């Protein structure tokens, strides 16, 4: 417990978290500080490009590990499974409608890539480098949860549901293509490729991440200010319980897979995090009746800050205890 | 100059639905349209602004079609299929156009 | 399809006044509006363009409201308070809308 | 409130022609216009979108002029010289304006 | 004098100035070279983030100096005072209306952060590092001048004036929040934080500044080309006299405060520079009758280039003489 | 031949090419991956700024070479001449109308700066640094081809043709101004200036180029998907023959000029590449009747990928044989 607190304090005073908090504070104070939409998109392209490439290069540097395939499989299964757990919890803890509950559940099966990046950065800072292929696991966990959510609805309420176009949009959405593509190119060009572009993707990485988290804080804060009213007590609590439930699942499976400490912590983080890009987009198309204020505010306004501040250091500490030494 | 009667249909819709809408427009025989960006707005589902979005799901666009009056009904019926369940606003106005052979 | 008469009010105003205008619109019972970006323009106070600006003060937007005709007068009076002293243009046009219950 | 009749002319034209068009508008005595960005569209020369462009040649804008009705013909003739050979759409609609002294 | 000329020549041939001049020249030649609005905003976010953070980190590195509070106070007072001097000069030297004169005066009390950054860069290049807290002084000098300008008008002409919303907008405008926020975070995380993001905020800083000044040159040049006609001879001369008046005030107060050579030079630069972001925004809201062509062209087209080319090397040379060894 | 293949394989597996291929693939798979327009423009500003500055600094570092003037002259002449060759080939090989053929021909006389940058990067990677002034040669080759194309049309079909405004737009277009301006500033500030901004324009350069080529792949792929139908067999083949014709011309002239291996390879690349920015813009104004789907798709969808993948390693190998040792 003492260690967790020390880790948490250390984490809370890192520039990354402080810039996120600055963003939250500026939003609540109604400052007009904003990032241009194009700059925010450019930063997220940069982060996906860098994290994918470094993951791929690291996989070849360390040799391809037997765990790769199993981890991908486990990731896909968890992504598909977690929405059912989330849905059951939501039906018990909240009064959300079937459709809203299913939509929210889908977000929690999927993942938040920035949470993943923040955790990776914290791990690298502590010398706990995770398996490079966790990037691919992150990518594969984006989509299955959406199918589970739509299945939950179609069983009960209909919904305009899935069609071929939507399936293609989900599987080939820009983030997945960029992440997987950079991962593969990192793998193909290996250390030699990494060397060529290291001063672009390694050196300035943390600085860009600070600015990105500042923007996330602004967006999350504005979301909470405007849509916080849609979250009643039960929903609010769900947003902090569910990541822990996910993290425990991730811990168990991560240990069974025999991942390193860093790998287990990342796997916990993936299971604990909730999507706010790919899944909302799919939900707007397939479940337009579900209220985006609920699922976006929950995922971005509650669970994201929770993971960033309390979750990540906890997951790292727990992973160190169970997978370490 | 010689002008001709036409209808200007403006559909404000979520960006994520844009492709689906324009596919349907093309299916309904619309020969042209333009897409304008929308920075923000407010309606029954609350206020939003483009700079406060991380999500691809968010943001709206205006799809503008200039059409011959006789095509209006077909177009509206086609459009209605898409906008019915989704948020969005449809307006129709009378306009005059140059070079009517284009529509 | 069944359409209904409405008014389309377009207010071109400095971006810096946007929030003040939409607050007033909401006060005047307007249920919805959309904001379009303006890239540049020209008027009595000269020409400007968005890319030639360093200043937050500069740049304009279009605020578009679709409203029931009976609300027009209230809206214009409210709007006039804001645009009177500021540069900007206000136009009103007749349109038809689908789904009139929304306005 | 007191409003006045005016015409709203919207010219959708390639961005590269914008300066030439507004020069001609000014020559034709137009006292003001606004430029809106266009994200994409489709017409007889195919579909395009602003994000799929590397070229300065591509992309379109909407030039909007609010003018006194009596100026319409002069304006259209001037505009026609530019749009005749180029792709683009011109629409004219009736509007009411506040503060007519501005136009 | 010889030294000043040498410094000025050196300054004039630095990439920073040359890119600014390239921008001016391109604008006058009516080239279509432009920066996308989002890129210009992103660069200014980067500059504020970097300068704020480095300032904060430098304050802790050197220990908190008793001069901090006094300098902040002095900065706020000068910002409030300078508009009165500027206003008096304008009434004597020009035929501007009360409202236009008050609006212009407000700009000269406030500051231009890019001029500040250019001076800091020149100082660091000469080994004359200023006090880190000068960043906070810059931030505090942004707003008071606006209140003075509005007071000048309200006393005479009315104007729609100040309201609660406007006050919040001024005090919490994006630049101030980002600058002060980064300064605080730099202070909290200190050298350890700086090390993490140094390769983002230190190494590429001058390169970004070159591009930013290129854009400023384009904007200033276009402004001069289109609105130069609004500036008659008196106004034009004011734009080059007023910075010198401000600089002298800054020199005296800076010496009284016991600042280092770099600190005095920066203080002079702050007093000499004129705002072209925060103040114009406030003036459009509060004094819509004032002509923006006058105050923007004056501040951005005359005073900014004047300070960048002639002012800064002069202030550094003068500060070296009076505050040096 | 063996060497060419080895070079080509090496080239094909570099991150630059792989990211371009990723973009192509994503476009063909209809992924929604896109770069914001502002980010794409910002990257191209960065590339022009960096390549121009480095070229200028390198010219002074190596002393001004007698070849400079001759190379500029030769470049301008080739740019004006190549359209006639291209036009003749097009009339023989394809059924394009006079106007379309002239418009296409103009593109091949002019140059693609990204192809130039990709070749420079490959050369530097092999220790074959080209003459710094090749940047100026690239800039001078942009425009003459346009005049030739318009002359070809006016002789036959009329066209709205050239006017003073258009001439100014062509000669002072943003890319040329930025490239030449940065080149001059690099020359004036020399190594000292380069040192100040090296960590901005040297270190991250290849990383930015990867992202830029990813975007180019997306754009080229979408162009091919939508407008590939406008290219019949003859036109298609022209798009791969013409660069070879240009390259041979470049080889001969480059050898006559006595350029280094790197210089000859770059000169070949310039002659082989086709414009997709400056020339299309001029054609839309002066020849609105010419079909942009043909010239853009040909230049960006066929010739650009051809040069990037097969052309550049070939030109380098050939230059090494003829100009080397």
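As written, the chains take the letters A, B, C, D, E and F, and residue 1 is the first residue of each chain.
To be clear about the criterion, a residue touches a chain if its C-beta (ideal position, glycine included) is under 8 Å from a C-beta of that chain, and two chains touch if they have at least 3 such contacts.
Protein identities per chain, from UniProt: A, E, F = Sodium-dependent bicarbonate transport family permease; B, C, D = Nitrogen regulatory protein P-II.
Small disclaimer: the values here were computed from a predicted structure and weren't measured.
Common neighbours of chain C and chain D under the contact rule above are B. The set of chains in contact with chain A as well as chain E comprises F. Between chain C and chain E, the centres computed from C-alpha atoms are 35 Å apart. Taking each chain's centre as the mean of its C-alpha atoms, chain A lies 39 Å from chain C.
Centroids of chain B and chain C (each the mean of its C-alpha atoms) stand 19 Å apart.
Chain contacts: chain B has residues 36-37, 56, 93-94 touching two or more partner chains. In chain A, the residues that reach two or more other chains under the touch definition are 32, 34-39, 42, 173-174, 199, 203-204. Touching pairs of chains, sorted by label, consist of A-B, A-E, A-F, B-C, B-D, C-D, C-E, D-F, E-F. Chain B makes touch with chain C in their complex at residues 12, 36-44, 49, 60, 62, 73, 76-77, 80, 83, 89-94.
Of all the residues in chain A, the ones that touch chain B in their complex are 34-37, 40, 160, 165, 173-174, 215-216, 218-219, 222-223, 226-227, 276-278, 280-285, 288-289, 291-293, 296, 300. Listing the residues of chain F that touch chain A in their complex gives 13-15, 18-19, 22, 25-26, 29-39, 42, 125, 199, 203-208, 210-211, 214. Chain A makes touch with chain F in their complex at residues 36-39, 41-42, 45-46, 49, 53, 168-169, 172-174, 177-178, 181-182, 185, 188-189, 193, 196-197, 199-201, 203-204.
Listing the residues of chain C that touch chain B in their complex gives 1, 3, 6, 8, 22, 26, 31-37, 61, 66, 93-99, 102.
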